[in-house]
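In the two complexes that follow, chain A is the common piece, with chain B as its partner first and chain C second.
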Partner chain A sequence: MIYKVIAKPEFEKFIDTLVSGETLSYGPRHVDTDKQGEPIYQFREVNTVSDIAFDYTATYSSAKHFLLPFRENLSRFTFTDDDWEQDIGYEVKPIILIGLRPYDISAINILDSVLLNGHFPSPYYLARRKNTFIIGMDHLPLPDCFSKSLNHHTVSHGFNLFCSDIGDKYYLSINSSKAYNYLKEFRVEDPSYDDDCKLIERRKLIKQSFKTDVEVTGLPSFLDIEFDSPIWTKWGDKCLNCGTCAMVCPTCYCYNIEDRPDTDLQGSSRQKQLYSCNLVDFAEVAGGHNFRPKNGDRLKYRYYHHYLGFAENANQPICVGCNRCGRACLANINPKDVINDLRMEKESCMICVSQSPDKT
Partner chain B sequence: MRFTIPGQDINRERFVREIPDFHHKSEVMLTDKGYKCRITNIVSLTEQEKLFQLRILDPDERNIFRFRPGQFLMLQVPGYGEVPISISSSTSNNEQIELCIRKAGHVTNALFYAREGAHVAVRGPFGSSFPMEEMMDRNVILVAGGLGIAPLRAPLFWINDHRDRYRQVHMLYGTKEPSQMLFTYQFEEWRKINHIDLHTIVEHAPKEWKGKTGMITELFSEIAIDHDNTYAIVCGPPVMFKFVCNHLDKQGIPMNRMFVSLERRMNCGMGKCCRCMVGSTFTCVDGPVFDYWSVMNLKEAI
Partner chain C sequence: MQHLGFSHKKIKIGSFDFTCCEGCQLQLANHESTLPAFLELLDIRNFREISSDRYDDYDIALVEGSISREDEIERLKTIRKNAKVLVAYGSCACFGGVNSLKNNFPLDETVREVYGDHSVDTMPVQRISNIVKVDVSIPGCPVSKEEVERIIVSIATGSMINFPKYPVCVECKQRLNTCLFDLGEICLGPITRAGCDAVCTTGKTVCLGCRGPAEDINFQSFMQLVADKKLSLGDLDEKLRFYNCFEAFRNDKN
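Let's look at the complex of A and B:
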């Protein structure tokens, strides 16, 4: 990694040059205002630097949709009289993503570990990933964000360029030759001692700004033991099975595949569609048997996959702590409350443990 | 000053691969390309089930497609969709793939309208398999309930191909009604030629039924189990697993010598779509064949 600093006006010039070019660029934009009067941000196409809201709080949807679109064509079938041909293509247009927060970049790293590993790396994802230029930016978290608890408040890889705000300059972490080459045309300097100090202060500030903490130590074991806990029914009763949490989640990648025949019946597209494990038919098999028939079962499965199942397979929980699901949930279910609820149940038993004969 | 990112600079990755390869890990492959097959024969088994015989058209692809007993494939019916189907044929039959399919959903319904000569495609094979080598020189009990006989045909054919390497082989087969019994035409062959000790039972029977009536566990009274030297393979509806495996457990067969094949909804077969996940386990990659100990540890598995 190479470190440089750039003055803010020069940085804006750099971004402007980048986004006004031919390559499609996406960045956080102020798109609407919610009923409390708070701005709503989303990653949208940007053409000049003034389109980008660098100081955005959090976007409703995550940046995963540039790599995992809601709908994606996997293959095309063209029908002839008594035969068909399958056609598969992976070509995608390069894109630039600007202003991703550390947890969004971490989320992409997690998706990489799922979709590019194993016996069957996804060529669709790989094509998109290799053609995405990512510029990350640090930020002060929203009060309900708990990415620090999961160590995703900083990120060390997965981006091409990362910018930390140190007052009148940005401290740049350059992680690809491509980013380095682009920056050659602009006035960048080596960081001075002062800049380094400011970066450390900035990082401290960010670290201390987290208001929400979720204790995830030993969570896989808790979840495994508490499989039959009544809290799953309690939270399951609230859940509306709408699947919103999975749609806004930066790491949820489950999907459904269906064939969509053309209206003229001359062809058909096999499409992948992002899905949610909270939807009723997620685990239903042919013949109608549903392996997770109750709301609580499905909600539990989601938590198990995020904090236990994935942790067993990839050594880290899949959750990055952005709390998008908590903000978007129509039934006010958020990971912090569910996990704390689960933990409290156990912690109340500390009395019994301390009174057990072995303790004395 | 303006500059653009040249398209081909970022877009260096273009993925082209001639022959689809499911057997070797490679960085990129045509994961969604199926082997085109011709339906060579359709056998109507019952009102609900048909046996489809498929031949992969391309000779190279036909050579690549080798599977182990217990594995499954993804059957593509273009325009309708894709379904996971267990392979029901002998591993030594390199010419044809046999699939026993029940009319249960959108894709299988469409398939029931297909005529001989129609083209479909298969992807795979996927998943784990029964450890047939480990079972050699031991007794084997195969327990099938209903359509569960379809995935058990592959290990049964394997045993028939290597009959001298296995000791006593029992097969217990139960269905709801006599009319739902599959592959009845092979029973004589299995009994007389392959020396399989085959027992059948039905839950509800019309008056003219001469066989046994009752639950499948009742068949255990007819066979003697040498629990130190016996392996069991169980496949059927989820409710059957519990009863059969509990019974075998009581008989003293160790949990790691009982194998079950789980059914789940699979969309990709490659451990990506998560539809078949049980806890942290992908049924498509780590399964569908599990030993009973693993199943006991997988919550919600059966």
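Let's look at the complex of A and C:
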């Protein structure tokens, strides 16, 4: 990693040059204002620096779909008389993602661990990942963000360039030769002692600004023990089964695959769609049998996947604590309340009266 | 036609309209890029928007529209007798559709409002499944041509006919739309069957549920949501009535 500082006006020039070039660029944009007068942001295409809302709070949806599209054609089949050919393409155009928060970069690192470093690496994901240039930026957290609880409020890898706001300058962490070469054309300086101090102050401020803490220590065993807990039914009864949580989540990667024959029957497409374990037919199999017919069961498995993890990523939680799911959920289901409920259920157990064994 | 060693005949198809705007049938002629290939799958036996030839030997009958006159009942029953597969085509046929709004008023009042003193043969609007057995329902106002093509291809190749079981929210979020509840509106997206690619909400128009309820919807939680957001339950009821798709749930709650 190489560290530099750049004055804010020079930084804007740098970004403007980057996004006005031929490479497609995406950054946080102010797309709507909600009923309470709060701005709503999304990662959208940007063409000049003025398109970008650098001071955005959080985007409604994550940046996941740039690497893992909501819908994707995996392959094409062409039928001949009694044979068929399969055509698979991994070519993608390079893109630039600007303004990702540490938890969003962490989320991409988690996707890497599942989709690149797991037993079955995805060439589709690899092609996009290798062709994505990521510029991260830090920010003070929203009151409901709990990324610090999961240690994703800072990030040390997974980006090309990371910018920390230290007043009239950005403190740059340069993590790729590409980023270094881009920056050569612009006025950057080595950080002074003052700049280093400001960076440390900035990090401290961010760390202290978290208002929401979700206690995740020991959570895997709580989840294991509480498999039959009534809280799953309680929260499941609220769930609308609408899949919004998984769509806005930066790490939900589960999907469905369908073969779609062409109308002329001469070929077919294999299509992947990101899915959600909360959707009613997520666990439906041939014959219409459904392994998880109840809302509560489906909700439970979403929490299991998020906080217990899967073998693919060494049983690590995949939640980064951005609380997008909690903010987007129309039924007011959010990880903080569900997890607290689960812990309360265990920690304030009134039935269990036996004492712990004495110290020996 | 030959397809991976399987041969299949063209599908003999008839298309019929009852109380409707014929907009769904018109959709069949849309999607020009695949139109010749689509027509290639079909042997059109009876379809007044396309051909003046009329035959009664069709395998599949697409039935558009709701039933609002005595004579329509007889005609529908004859079509049912002739067809091997009867498809309720569009929201009017599937649920009664917009036409059923008139069921909210006394019949003579609605006739007087529109036709004055002119006498008109009419009755309360019904979905076609009240009269005959329906084998497949393709909802939508209008139907989505892409979905129709997919289903016709499924029928032609003998594969399973699938509709999305999840609600519109999935497709709406995939299009990165702002949730219309955040803008203070009542949207039926969370309880309506997807498959429309969230076309209305992408245009910032609330979902009125033309595709009917998604599978296993949580209607109670949806009602709670509207109440929690302090939105008008009257507005909600009006939206639920719009296509007459949520009758069963509306009655349940009382």
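Keep this in mind: the second predicted complex is superposed on the first by the 340 of 360 C-alpha atoms of A that agree within 3 Å, B and C clash if a C-alpha of one lies under 4 Å from a C-alpha of the other, contacts with A are read in each partner's own complex, and residues count from 1 in each chain.
To be clear about the criterion, a contact is a pair of C-beta atoms (placed from the backbone, for glycine too) under 8 Å apart; a residue touches a chain by one contact, two chains touch by 3 or more.
Bear in mind the structure is a predicted one, so any value in this text is a computation, not a measurement.
Of the two partner chains placed by superposition, only chain B is touched by A:Val285; chain C is not. By the touch criterion defined above, A:Pro94 lies against chain B but remains apart from chain C after alignment on the C-alpha atoms of chain A. Using the contact criterion defined above for the overlaid structures, shared-chain residue A:Tyr304 touches chain B, although it does not reach chain C.
For chain A, the partner with contacts to more residues, out of chain B and chain C, is B.
Using the contact criterion defined above for the overlaid structures, shared-chain residue A:Ser276 touches chain C, although it does not reach chain B. Touch criterion met: A:His119 reaches chain B, while chain C stays clear of it. In the superposed model, A:Ala7 lies in contact with neither chain B nor chain C. Within the superposed three-chain model, A:Leu24 lies out of touch with both chain B and chain C [touch as defined at top].
In the superposition on chain A, contact is made by A:Lys238 with chain C only, not with chain B. In the superposition on chain A, contact is made by A:Lys130 with chain B only, not with chain C. Once the two complexes are overlaid on chain A, the chain A residues touched by chain B in the first and by chain C in the second are 79, 82, 84, 258, 261, 265.
Residues 1-5, 34, 37-38, 40-41, 149-150, 152-153, 156-157, 159, 162, 165-167, 169-170, 173-174, 176, 178-179, 181-184, 189-191, 214-218, 220-222, 224-225, 228 of chain C touch chain A in their complex. Considering their complex, residues 17-18, 20-23, 74-75, 77, 79, 82-84, 86, 88, 90-94, 96, 114-115, 118-123, 126-127, 130-131, 133, 178, 182, 185, 227, 253-259, 261, 265, 268, 270, 275, 277, 282-287, 289, 291-292, 297, 301, 304-305, 308-313 of chain A touch chain B.
Here chain A touches chain C in the complex through residues 31-32, 34-35, 40, 42, 44, 60-61, 65, 70-71, 79, 81-82, 84, 237-244, 247-248, 258, 260-265, 274, 276, 279-281, 293, 295, 328, 330-332, going by the rule given at the top. Residue ranges on chain B touching chain A, taken from their complex, read 1-5, 7, 9-15, 25, 27-34, 36, 78-83, 102, 104-105, 108, 117-119, 121, 237-238, 263-265, 267-268, 270-275, 277-281, 285, 299-300.
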